[in-house]
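For clarity, chains are labelled A, B, C, D, E and F in written order, and residue numbers in each chain start from 1.
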Amino acid sequence: MGDVFPKVKVAAVHAAAPFLDRDAGVDKTCRLIGEAAQEGARLVVFPETFIPGYPVWIWTHTPATGSPYFLRLFANSVTVPSEATDRIGAAARAAGAFVVVGISERDGGTLYNTLLYFDDSGRIVGKHRKLVPTCVERTVWGQGDGSGLKLVETPFGKLGGLICWEHSMDLARYALASQGEQIHVAAWPAGSAVTHDPSSGVFDDLTEAAARHHAAANQCFVINVQSCLDAETVRDLGFEGRPEMVREGGGWSAIIAPTGQILAGPNRDKEAILYAELDLAMIAQFKYVSDSIGHYARPDVLQLVVNFEPQEIMVARGSPNSDYPVEDPE
Amino acid sequence: MGDVFPKVKVAAVHAAAPFLDRDAGVDKTCRLIGEAAQEGARLVVFPETFIPGYPVWIWTHTPATGSPYFLRLFANSVTVPSEATDRIGAAARAAGAFVVVGISERDGGTLYNTLLYFDDSGRIVGKHRKLVPTCVERTVWGQGDGSGLKLVETPFGKLGGLICWEHSMDLARYALASQGEQIHVAAWPAGSAVTHDPSSGVFDDLTEAAARHHAAANQCFVINVQSCLDAETVRDLGFEGRPEMVREGGGWSAIIAPTGQILAGPNRDKEAILYAELDLAMIAQFKYVSDSIGHYARPDVLQLVVNFEPQEIMVARGSPNSDYPVEDPE
Amino acid sequence: MGDVFPKVKVAAVHAAAPFLDRDAGVDKTCRLIGEAAQEGARLVVFPETFIPGYPVWIWTHTPATGSPYFLRLFANSVTVPSEATDRIGAAARAAGAFVVVGISERDGGTLYNTLLYFDDSGRIVGKHRKLVPTCVERTVWGQGDGSGLKLVETPFGKLGGLICWEHSMDLARYALASQGEQIHVAAWPAGSAVTHDPSSGVFDDLTEAAARHHAAANQCFVINVQSCLDAETVRDLGFEGRPEMVREGGGWSAIIAPTGQILAGPNRDKEAILYAELDLAMIAQFKYVSDSIGHYARPDVLQLVVNFEPQEIMVARGSPNSDYPVEDPE
Amino acid sequence: MGDVFPKVKVAAVHAAAPFLDRDAGVDKTCRLIGEAAQEGARLVVFPETFIPGYPVWIWTHTPATGSPYFLRLFANSVTVPSEATDRIGAAARAAGAFVVVGISERDGGTLYNTLLYFDDSGRIVGKHRKLVPTCVERTVWGQGDGSGLKLVETPFGKLGGLICWEHSMDLARYALASQGEQIHVAAWPAGSAVTHDPSSGVFDDLTEAAARHHAAANQCFVINVQSCLDAETVRDLGFEGRPEMVREGGGWSAIIAPTGQILAGPNRDKEAILYAELDLAMIAQFKYVSDSIGHYARPDVLQLVVNFEPQEIMVARGSPNSDYPVEDPE
Amino acid sequence: MGDVFPKVKVAAVHAAAPFLDRDAGVDKTCRLIGEAAQEGARLVVFPETFIPGYPVWIWTHTPATGSPYFLRLFANSVTVPSEATDRIGAAARAAGAFVVVGISERDGGTLYNTLLYFDDSGRIVGKHRKLVPTCVERTVWGQGDGSGLKLVETPFGKLGGLICWEHSMDLARYALASQGEQIHVAAWPAGSAVTHDPSSGVFDDLTEAAARHHAAANQCFVINVQSCLDAETVRDLGFEGRPEMVREGGGWSAIIAPTGQILAGPNRDKEAILYAELDLAMIAQFKYVSDSIGHYARPDVLQLVVNFEPQEIMVARGSPNSDYPVEDPE
Amino acid sequence: MGDVFPKVKVAAVHAAAPFLDRDAGVDKTCRLIGEAAQEGARLVVFPETFIPGYPVWIWTHTPATGSPYFLRLFANSVTVPSEATDRIGAAARAAGAFVVVGISERDGGTLYNTLLYFDDSGRIVGKHRKLVPTCVERTVWGQGDGSGLKLVETPFGKLGGLICWEHSMDLARYALASQGEQIHVAAWPAGSAVTHDPSSGVFDDLTEAAARHHAAANQCFVINVQSCLDAETVRDLGFEGRPEMVREGGGWSAIIAPTGQILAGPNRDKEAILYAELDLAMIAQFKYVSDSIGHYARPDVLQLVVNFEPQEIMVARGSPNSDYPVEDPE
């Protein structure tokens, strides 16, 4: 059955982002891609907004006291494409691996919480912007649209991904499943390190529930990857010695089978690269019990409508390009 | 906030069903309703097909060797309404409690895996038939339709429910959530006791993931209730002394808060009634972070279409009821 | 399971009708009801237009040469209710049996090919007029409407029936099935005796196929009953000694289980009363494999619309009954 | 009348499938197409799921003990289109014949019990998925929708088909008839060979009743074709020397005229190709007596509603296809 | 068949009315009833407004010059009941015959063109007022309502009738037919005698066409009866010697069979009583070909709605009877 | 009044049909259209089922002995549209005339007794199928529905038509009248030539009564057209020299004014084309006396309900047309 069901080794990079430093973030990303490729990984996955790090201060500061951080975030966010994405692409090509990495993307005057997909030739093959930033995240990031809900075709299966609390959006998860998602990237920040927030205590549990549920409910592998915070970030935020506000470490990462079983991890609180070989025959085995978009669906009762269209604030009738000058002024 | 957000004490009955014995099942149901009411429960929830028990043999026998059990199931299934439902209604009224109980329902020549809802005056106020029986369950139960996806209004909130692996149907769960579900009944069989089936080992984990995920993703309480198997059932199935086929015990029950935290339980493998007081203010607290059908939804991108219409194989114009006799020969 | 599934002894009367003689036909009907009741039958079924016999001449004569027979048929057809039906009702009551008998019914100036149902107290409880008379039958009988497609409730199950080639109307058969038919009466003439017609050679085969198919496809018992022709009828038709035109005998009768198996008969070419005890538990057993109106139906794809309304050529507002005389001249 | 009513020679292939071996199944299919074409057949019909064979074990094993067979079935099922269907198409084109073949189809994670139609140029011209898998078949196959109820136009008439116990669905059969079906393919497995199942004893009788009834009731030819089991399959299933479980042989195949008469066969228990020349004038002859969708219909009383729409679990606005890569890093 | 189909001798009285002389008209009516009864007639039919004669002047005078005639008509019209109707009733009783007679009826300040029915005991059993007076008739008669479209039951069949050009109202004729009309009275004036009117030349032809058509189209007997004018009437109108205005004689009377064949008459221009014996078996014979309200009707396509309610200009809520004096003043 | 009331010359073709020979029938039809157009006719009307002739044998043979004729009728009936109708359309266009022609229409397996309307550009603009075939005609023709009761608009007035004994259906005639019918086509066979049938003697009289009555009752022109039988047809039927069975000749044709007066004809027993110029002002003149759908109607008492909907035995949701082929194997 090797012909029918491919196998692929994948890597989940549980790591701390160089805080608000795009170039250092790209450096670290490229280095870790290379390291994982050394171990044979054909798909390397990084956490939410790994470049240039998650904006922890939004949960611990007021808008006024947090604004200097915002300006640093704005300056260090990643334009697509740009030299930064070119460098990651080159690393992917060198490694012969697909790469999924979370970035804070800048498009004009708005930032987005974005997952960026590179194929093993280094080309950008997918981009998903978080549909609904969570709570106070709405102060730094805009909303994505349905164009980011499309799957990426790879030689080892159909690849999709969502960011953090998007996993609570049952319709968003099913939008991926409905296209035949086989490997799912679940990218999160180090939620359990932001101890000031009351939900930090249950963050790992909810992560695990969402990740295992998605795997089993939709018969796909889930590469769940969170970041951790390093001492430098805690210091930069002004919380050194105040673990009741923000602590070092954090994060819950694991690679999960379509049966909901954990293949690698869980890893918590420290940097690590988790590896697992995904045997897509496992999907077939579990489809015997349930195929959420086939024999276990009820399209006569329940149907999802997905708008994959990019949302444009202006629609041009006729060409929006200036036709002046119409002749050469020379 | 007591005026705005009601509180209610609820009970989850983790118990063994009198196997293929409708009358004994009704007896036990009525007795346990009374017991829970003694403890102050205003809502008492029973497992999947508690009357007359889950058809374990479908996983351990062939259709031919299982057929004698099927006829017993057919004969002991519950017609709605009937004397059996009248008795449960009377018990609910006597207890002053809402009751949700899983039954194998018989309608004509087809059985359904049904959740039946009684209000505290004993009336049947809701009925949900499992939309997609799982794997070999399809040999004993037909499919429900969307008419069973409606919520039940109670004085203490909007009540919904699903059965077993329906919790993997993201669209079905969201169909309930989209109506404002506040208390969710998750009814399952004692999956972990059917050891012959390879998925029995992960059954409890998937139960927990689904239940906690639904609570947090859709900001509702979840009353998760499974049954266990008693020695008599194991013996009746012919597996006494063969725990590698079917074992006594089984089941994972818990009452879960909208944050995903476990309020009562988990209880495993033995009979117990779990109690918790649900403070609906907890829903409001978590809505601050996420409201899956409000500020955390994206109707411009993702929309669910639900067909609540009953599906009829025959539409009658004019009355199909006989208008005879029209004369009297005397 | 005796409580759930009743048993009933039924009788299929394969007999020759007194040709175009209503009174003799009623006499014979009443006598045979008594005889079957002696054997314990609670349901006694007679062939198509047993009173006053099937109009064989329409297949062997032209309209002009057949018209004298038509006038005899017209004069001997049965008005409902009338003294003839009162007598049959009295026989049913005396026998304590339900009776289904085919008649040529007269309503105003039109005759109908009708099945008439009596309960065991002698009341008329159902009437079905053949929806589409077959080929040249259309010269003697009008068309029934959907009001005759309703089932008759009995203590031993839901009873329906169709006439002869109506069994080829898949929608008509399913209209009965969709209401939960449990015992089906299939009434036919002695088709195989009308040898002048080319289809007479395959008549018995098609009867058997239709009857067994309906039983199995819709999980009901079928009481298939045909008449035979006696020498007097052959002589009256002018075909004595011409068996290549019309022969004595004919008919194929049988009582068939929901599995399609033959419980009694087949009887051919001679008078006989077939008996069988119907155990309605057999229906439940076959519903395990198929329930044509439940788990084996697809209402989302296939739906039948039945117009049960009587079709009236005139709708009266106010009473059409004369309100005269209003005064008395004396 | 040769101009009005075409004639066509057809072949019904009663054969054993190479068990769970798609490639061998395609080989055998192509070889038999060629053989039938040598005899002049312009339409060649194969049994239900001839590629890669019927999943006999579902009737004789439990879900757990049958699961290894399921994975082999999954791996050997046929994707449409694929190299396997290309090869059958090429054989059809080489033979100058239309081909109807039963396959286990794989679409994503769900298998379907499918009839596939090729025209004589080798193109796929129709696909029907069984609407309701029977009893335990529901553990391996999903449900088709109404899009498979469309007829296939051929130079020799309108062609339709159903699978096995779908013939008990009166509405499904009439859905084909209502479109003017002239040649009907009835594809079944070797039901009488699965002796462990209690219905195996009556399987041939019900097949015959359904096939002959459909032919006569709807005035079409029926090519009824079943498979048989070879010794290798019985051995692979583990029932060598246990004929009370599964036996070699089985199957009832015949070619039937619109009058219900058998033109070729019946063939039982052994491999054979049945041939008959179908003279479509026979349809006209029987239409004189009955036209189930014309003069013998009662649309004012009975009407069928058919939903031919494909049922989709997700409706995409805009293209779900990725629009990446949009740039090239080189 | 004498029991089933009654026979009856009927009389059609083609006679001149005593012009505008109610008492003489009653005398002549009673005398002719007796004469017909002598011949064995059980039903005696008179022309339109035989009492007190047809208002010929409306066609030959202006409203102003005709007004003296109108006052005489008003004074000689018949109130129902009254001494005049009592006398006719007594004659009917004496004769043992049913009587149908045309009258100009006075009800308050309005006259009506009325057919009055007496049974053989002398009671009034039916009354029909012409629904639409023709052209200038509207200056003397008001409109009837649907209460006059009811049939009269007699021992020899169902009796209905219309007046003159009402026979052009297809719906009015069918309203009678739809109730099972067996004997139809067609009452007309002496149209062909009013030569001043251009349609007088075709009057007899249209009478015949309407009468024969109704008989055959609705399978009933038609007693078509017209009056003639005597010299006195012509003189009274002032047209003595001016036959181009109004002539003596006129009228076309006949008794017609359900086949359209003429049984008695036609009689023209002179007084005569036509007799025929009606054999109701003739209806049955023609019903073989056509039954306009049975096998030859299409209620699914064509349906007549008849409002039989009397039309009242005032509806009283509570009793309209004065409750004064409430006690007796004596 | 020439501006308001058009005049039109019309032709009634009383002719013998080439018996059971569609091509010859089309030839003759086209030739006679041309001939009538030469005479200036703008509307040319042919008898009932002129192509391919009326099935006389149904009145003189049994179903069995008549069946060889039926197959010839089936094969020679006209599909709409087809090459046959294209040719008639071309003749109409060449002639610049509207054409109404009776055909035996074939639709699938059922034949219909149809009137087909062509406009002067050759397009089919109307089709009426006889609602109730008469007596034994029911063995060869199915029933039309209300969709054929719609009028055809022409430059010279509103055109309707009925077939043979449909003229006895008062409601059908009024359904045309109620739409404002101005020119009525009454198409019949040569009834008086089928002497074996007892009603042949009165056939011409009833034709005349119906035609003249409809003209006067509903104030329209009637083009009454019957066919005759030629020697070849009599011989083909096997009745050469047996005029007591079927004779040559037959038919009664005439063109009738709204007053009931005969404008052309009557023609009997021989081929002829009758011509008349219809002056629609005659309608207005007679409306003075009576307007059956205006001042002479009583909608408060009498109302006709017409169902113009086509009656479909199957209602499709989604397209029933195959969407295959979807791929090309090359």
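Before moving on, here are some points about what is shown:
The definition used in the following text is that a contact is a pair of C-beta atoms (placed from the backbone, for glycine too) under 8 Å apart; a residue touches a chain by one contact, two chains touch by 3 or more.
Every value quoted in this text rests on a predicted model; they were computed, and no experiment measured them.
Of all chains in the assembly, those touching subunit D and also subunit E are C, F. Separation of subunit A from subunit D in touch steps, taking the shortest path, is 1. Chain centres here are means of the Cα atoms, and by that rule the chain farthest away from subunit C is A.
When subunit A is fitted to subunit C on its Cα atoms, the angle of the rotation, on a 0 to 180 scale and to the nearest 5, is 180 degrees. For subunit E, the chain whose average C-alpha position is most distant is A.
Each chain gets a centre from the mean of its Cα atoms; for subunit A and subunit B, those two points are 36 Å apart.
Mean C-alpha position of subunit C lies 39 Å from that of subunit F.
Per-chain Cα centroids separate subunit C from subunit E by 46 Å. Subunit F has its Cα centroid 66 Å from the Cα centroid of subunit B. In subunit D, the residues that reach two or more other chains under the touch definition are 63, 67, 135, 138-139, 143, 145-146, 149, 171, 174-175, 288, 295, 297, 300, 302-307, 311, 313, 315. Of all residues in subunit B, only 59-64, 67, 133, 135-136, 138-139, 171, 196-198, 305, 313, 315 touch subunit D in the complex they form. Across the complex, subunit C is touched by residues 1, 4-5, 81, 86, 89-90, 93, 117, 119, 122-127, 146-147, 150-153, 174-175, 178-180, 219, 281, 283-285, 287-288, 291, 293-295, 297, 299-300, 302-310 of subunit E. Chain contact summary for the complex, subunit C toward subunit E: residues 63, 67, 70-71, 74-75, 107-110, 139-143, 145, 311-329. By the touch criterion stated above, subunit F contacts subunit E in their complex at residues 131-132, 134-135, 143, 145-146, 149, 165, 167-175, 177, 199, 202, 205-206, 208-210, 212-213, 216-218, 259-261, 288-290, 292, 295-298, 300-307, 311.
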